[in-house]
Amino acid sequence: MSLHDIIFWILSLWAIVCAIFVVISRNPVNSVLFLIATFFAISGHYILMNAQFLAIVNIIVYAGAIMVLFLFVIMLMNLNTDTEPQKSRLVHFAALISAGSLLLVVLSAFRKAELTQIPVTDAGDIGLIKVLGKTLFDHYVLPFELSSVLFLAAMVGAMVIGRKEVVEEKSTK
Amino acid sequence: MSIDTFLILEKIILVVIIIAASMGVAAYSTWAERKVAAVMQDRIGPLRAGPFGLLQPLADGGKLFFKEEIVPDNSTKWLFMLAPAMFIFTSLMTSAIIPWGPDFVINGSEGARTVALQVADINIGILYVFGVVSIGVYGIMLGGWASNNKFSLLSAIRAASQAISYELALGLSLIALLMLTGTLSLRTIVEQQHGFWDGNYFTWNFFKQPLGFIIFLVCSFAELNRAPFDMPESESELNMGYHLEYSSMKLGMFLFAEYINMFISSAVLATLFFGGYNFPWMDQVQAAVPSGIFSLICVGVLMAKVVGFILFFMFVRWTLPRFRFDQLLNLGWTKLIPLALFNMLVTGAVILFFFNKK
Amino acid sequence: MPIQSYLFLSFSLFAIGVMGVLMRRNAIVIFMCIELMLNAVNLLLVAFSKVHGDPGAQVFVFFIMVVAAAEVAVGLAIIVMMFRKVNSVDINILNRLKN
Amino acid sequence: MESLTNRAQSVDRSPMTFAEKIYIPALMKGLSITLSHIFKKKATINYPEETRPFSPVFRGLHVLNRDEEGREKCTACGLCALACPAEAITMEAAERLPGEEHLYREEKYAAKYEINMLRCIFCGYCEEACPKDAIYLSETVMPANYQRDYFVYKKQDMLLTDEQVKQKRLKLQQKG
Amino acid sequence: MKPLIATAVFAILMMFAALTVKEKKSFTHFAAILMLGLVGLNVWELADYNRLLASAQASPDLFGKMLRVDNYALWFNVLMSSCSFFYILLVGRSIEKVGVHVGEYYALHFFILCGVFLLSTYNNLLILFLGIEILSIPQYILSGSDKRNLKSSEASLKYFLMGAFSTGILLMGIVLLYGAMGTFDIHGFNFYATGTLNIMGVVGVLFMLVALGFKVSAAPMHFWTPDVYDGSPTPFTAFMATIVKVSVFFAFMRLFMEGFANLDPYWKVTVLGTITVLTLLIGNITAVYQQSVKRMLAYSSIAQAGFMMFVVIGSNAMAMKGMIIYAVAYTLATVGIFGVLLKLKDYTYDGFNGLAKKHPFLALIASICLMSLAGIPLTAGFFAKWFVIAAALEQPGTFWLVIFALVMAAVSLYYYFKVIMAMYFKTGEPELITPVTTMDKVVMAIIGSAVIVFGIAPDMLLAWI
Amino acid sequence: MSLILLLVIPLITGLASFAFRKAQAVKAWALFGSLLTLVVAALSLCGIKEQTHTISYTWLPTLGASFALQGSVTALLMTLLTAIVFPLTLLAQWNKDIEQPHRFYGLMLLAQAGLMGVFLAHDLLLFYFFWELALIPVYFLAGQWGDKDRIKSSFKFFVYTFLGSLLMLGGLIYLYLQTPNGNFDYDTILATGAALPMAVQNTLFVLFFIAFGIKMPIFPLHSWQAGAYEQTLTPVTIVLSALMVKMGLFGVIKWLYPVFPSGTEQFGNIIMILALIGIIYGSMLAIVQKDIKRLIAYSSLAHVGLMIMGIFADTHNASVGVVAQMFNHGITITGLWLVVDMIERRYGTRNMNELGGLAGAAPQMTIALVVITFSSIALPLTNGFVGEFLLFLGIFESTNPNHIIYMAIAGLGIILGAIYMLNMVQKVAYGNKKEMAIADMSMNERLSIYLILAVIIILGVYPNLLLQLL
């Protein structure tokens, strides 16, 4: 077992345990924190696979922006008290069973697949920003532009949803 | 995997030095802040502890250490403890990728060995900075939230929204710079700014990207939560900010981390726009002195720039009144971001039409 | 590492995300579990990109992040709008719609 | 209504011009002001080491005077108490007993003389009212303390000590 | 790719209009003009492509094989933009009543159309994914845009959570396919590259199937549909249930026809057939029990999705034709019936009582549209069903599926004709909340006659492919 | 050309009717249109010997469907029946006031157009098209006008028939996909259908037969019938029973029997048994009915059963008999409905127990009723006899091993028919006298009924007029 393997197993364990805590934490703030920890583990995996750019972008985007928004919302709503009524035990059980069976079915299907023994190398420079940049602006330039359209739509949408309709309320009164 | 023990040793020493230096600079920043504030207000500033009050930071630190620890009853305990640690941890992390000086050579018994005055030269250096800065928010937010105090929470949210908002403009202003440099590695960026005058043009990025620099500077003010953007601490509305409930050394860590942040961002500013450790006629100097000495000179130059920036931060703090929160966000979203985009466009156009190598 | 390990890891994360979606009632936590699913996908994509030696997959990850960010912006706005009205983010409230 | 003083000024609410909106000139101006202050003379006086000179008319703590022979001048006539607008002074008179001539100049003296320094406004009327020059206001400032009781100054707190009398005599001789 | 760019530009124009224009009515006019422009651009694009095709200069692959255009897809775009144009003309007045951000609503429609155009021409799973997202995100918002109504917010939240969840599943499918095939290009898939069936690829296909099933509301992934369609503001329901849904089906069909072409057809019939049966069964049976016409239309859209699943099962030349005709027939008819519904105050069946006497024109149009939905000859809906069934029957082993579907179509008569019965055979005093203008009448007449004309001569729709 | 006219005239006149506002005008217009159709139908039937009436235009090239019409003898006979029934009905109902007459007459004429199309279509898709098109106006007619339960019963009728036709659609598309180059042409369909494997043929046969069987209706599929007949207005009832029933029979003759020979062979016997059950079952039910309309409805079930048996008896006589009986049954039952309607309108009830003494009050009407009843129970010298005789003959000659038993049971049906029909006449016309002065037939009614009586008598006396065509 090389150092690489050890790091892999540690990161994996970290990720899975934190992910489980995301689900079972009563307090949403704890869920957020565990999710961030999971993201860090995943970023660690990226670094292990020599995808540094994605590793750091993962941190910036998910941990730095997305989860902050989550935290914001949770804090503003003051959901820290464990007010969330729990679903019945049956639902928990059903969720566990269904997710577990999904996992089992898929993984047992893959046991037969030939591809599964191909190693993932940490060598190669495809994770480097230069290569990614070239690919992005060369082959993937259309999706790149489209993502701007997507953002525009999301921005308009967030504005429409978020703004209070002052004029309308006045007129109805 | 072969591990170069000497390399690890070297890096550990470097890390220790950098952290110690950061701490030291941060500590003396508090002293400097008082001094600067004093002289600008026609006062003298700390004087009693040691000559010129130079032992004042130590006294402050000692005082904080011996103060009573108070953990509010209704707080979320482990987060309350975690927050200051996180905050100071993230502020120290950034220093890892700053090139403090040029390589120098040690002639040992096994032959010459080049030592890099940088903990890690990763090829996405600037992104690393952004990554660390973006998670720095958590320290504040968790601290504010875990205190279970409305004022803390509000100020934490202010701090976080301010940080997120200005990160955008910060990033955008840098993109124009990165277009010019063509790399994200800070070391390469510094090396590109070698010397001061190339014979044809100034090498420092400040001269190529003045607008970018200004935007970056303004944004770093906001990121550091320093006046005139020190919303989270606006005493008149929110008492003391997100660390309202903190006491003793946990408070000290928050305060300390802010100064460390200032130090690091000054270093980043100097590295990106003011040539890092480069200085005019450095080639001549290099020829004249041994490599070790030259490196020290370079480190000194960088430190001088950093100190200059720190002084500038303080200078501004004691000059400008605080913005209102809506003005702050307005400035960020409707002024700085468009300006940064404009800067980006102009830079792109210039590169496209004048320096197109194809 | 063989790709199988990564398959196992990211499917575990994915399944945990799915379980969270099914199990929890807090809309925000459900949304977070969805983010977890997306991350599992990202991880697998990077692993596959290494297997196939194709940077395109990593670019794909980039786009997933973009979309996730856009979704968060919209989604949280919707959740907040809902919260303003019913003072809760419990999705069981949604079942009232049926009647 | 016309303003009674010329200090009130209406706030200029006209919209800012572009130059003002840019904010940079104003910023520069602010910076230059603070910059100029760096080089100004510092106003600070390093207090215990240095003190600021009192003005000639400064009125400090009360002192009960003695004559050249060291006898108390006060006769407990009560004029000072009467003159005091803050009603800070109280006194009790007593008759000089034989053998006390070296202590009190007149037949009557103040057995108890108190000034409540928390009430006193240091107006100096007592000094003016005293027919015997028994009380005057010195150039010392009142020291701080933790207890209120302390601020009720007793006679012995205010009487000149022998040492002070000696010095005073010396001073007078030098002047004189 | 003029229309694709135009959608984004037009959306931005609408947003700018929102800043400057105060009169709500002018938004609708502006949007209608822009939409007409979009139709024109689409036609131009199609003509242009044909011109190039004639001179053998046309390359179907655009942007490094990200998109693949052909006459078929371009023609679909023309039709969808035309339907959107009529949609705006018909329901524009009602959109103005939803809320204050009218300009933004139209902008979001244009964004959705951007997604529609992407889904019709994608050649890469990335574009499929982005297209679906560009399509979905504005929908989440539109469904929550009626802020005075709690139901609308709830619909939005529900739709959003379900949509995001299905996005996750879709992505997992894409990743597994990529892992198995090594490419995102849908023409590069080969499930038998190693001689045996690629398990990972098949699992990926299943994941994608589930996710796309969510988007098109195929059972058992349909449960969000009725609530969302019912809760959303009615004009937007009309858009979501028609143009958007049809476009996702178009993408769905392309995926199975071009991407998964060499997957075992038996497998396709078994899995897709199960979904189809469930969809038809649930959609039709539950629609029968609805009290509100709007909700009934929501369930009927599930039922119609069951029929559209046949094009996916078919995935052949007949299915391509069927897709076009079904898309147009279903869209026109649904938009038409929603156009009538929007005029009414009461959305229950009783609200329709006696409509034929008071507003014979509305009743006539509604009847034509409902008959088209039911698939009665002389309306476009008949040929729509005809083609999709023919497409499915070309696959072996689908005969009983088709018979089942036809029985379900008979069930659908019950709820469609319940409306017609209310309008014609019952008496009542239906109340209108929006007056029927001449413009409405003209548009309704166009829709009604189009339904009939395409019901007599569906070839007109197939002329370009 | 005349074939197209047969379609177009009712279509145009029907659409035009919607524009009228005055009741009288629209009645006149509708009568004019239907008479015009009658003229064209009669002319085209007369000209049948000279030329084969087949026309074909391209309709849907992508599908291979064409607008093909063929005027075979059977088809033209059916169109003639349609063309006769409509003006007679309109004439007889001239005085009746109907709500929203423009809509009513318009829909009637559209229904006529659809019926014409069904009989003339020579292309499978076109046939299906008209098959449905005939249904829609009739549904609206049945749903909008009639008794209080009309909505329910008409919808039942509609769903039954539509379900049947949808099943046929499935079979149709399957059949289409088996044709060599995607074609709906009659000949291609014939060739393809016959060449299909037996199992497939059987399935398709069942699918098609359900559609036709519901329309006829045959025994287990008949439950819509009585209600629909009872609740609708008489003109609509006439369309339903005199004409739409023939659609089903015609469909079997043209599109089922020849297309799936193997299926016919397989299921012929079963269908004959079903028809027999229908005959007996219908007759039994008719006997116990109080309501005249219901009685006639069930009698219709019995009559149709006999015709179905004739089709599947697979002999020449039977097939001639079927066509003849289809025509005759149409005429007879139209007359029967008209008379019943007159009675109902005058007495305000259809309950036989409440009626009586019609003979005294309205002798002309009584004569008409009696003659038509005779035709219905197939007494010699009425047209009903010719058809039924040929049918029995055909069944007797059939190669079916049980043909004797079948014929015997079917004969039992005749006897039962005589029982309930005569019972009805006895109760209505003679029975206990009801003191109620009613007017005898008015001018227009008389015209219409006498024409029917004339056809009944002429074809009864000189059946060759009809049979020579076949």
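Note that the chains are named A, B, C, D, E and F in the order they appear, and that numbering of residues resets to 1 at the start of each chain.
Please note the rule applied: a residue touches a chain if its C-beta (ideal position, glycine included) is under 8 Å from a C-beta of that chain, and two chains touch if they have at least 3 such contacts.
Treat the numbers as computed from the prediction; the structure is a model and nothing was measured.
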item: Minimum number of chain-to-chain contact steps, subunit A to subunit E; value: 1
item: Shortest walk length in steps over touching chains, subunit B through to subunit F; value: 3
item: Higher-contact pair (C-beta pairs counted), B-D versus E-F; value: E-F
item: Farthest-lying chain, centroid of Cα atoms versus that of subunit D; value: F
item: Rounded Å distance, subunit C centre to subunit F centre (Cα mean); value: 64
item: Whole-Å separation of chain centres (CA-atom averages), subunit B against subunit C; value: 34
item: Inter-chain centre distance, subunit C versus subunit E - centres from mean C-alpha coordinates, in Å; value: 26
item: Subunit A and subunit F, separation of their C-alpha mean positions in angstrom; value: 70
item: Sequence positions of subunit E contacting 2 or more other chains; value: 126, 130, 133, 137, 140-141, 144, 147, 156, 179
item: Residues of subunit A whose C-beta touches two or more other chains; value: 4, 53, 57, 65, 76, 106, 110, 115, 139-140, 143, 147, 150, 153-154, 157-158, 161
item: Chain pairs that touch, as defined at the top of this document; value: A-B, A-C, A-E, B-D, C-E, E-F
item: For the subunit D and subunit B complex, residues of the former touching the latter; value: 27, 30-31, 33-35, 37-38, 40-44, 46
item: Residues of subunit F defined as touching subunit E within the complex; value: 59-63, 128-129, 132-133, 136, 140, 143-144, 150-151, 155, 158-159, 162-163, 166-167, 169-170, 173-174, 176-177, 203, 207
item: Complex contacts: residues of subunit C adjacent to subunit E; value: 3, 14, 17, 21, 27, 30-31, 34, 37-38, 40-41, 44-45, 48, 51-52, 54, 56-57, 60, 63-64, 67, 70-71, 74-75, 78-79, 81-82, 85-86, 91, 93-94, 96-98
item: Interface residues, subunit E side, partner subunit C - complex; value: 126, 129-130, 133, 137, 140-141, 144, 147, 150-151, 153-158, 160-161, 164-165, 167-169, 171-172, 174-176, 178-179, 182-184, 227, 230-231
item: Contacting residues of subunit A [partner subunit B, same complex]; value: 2-4, 29, 33, 36, 52-53, 56-57, 59-60, 63-65, 68, 71-72, 75-76, 80, 128-129
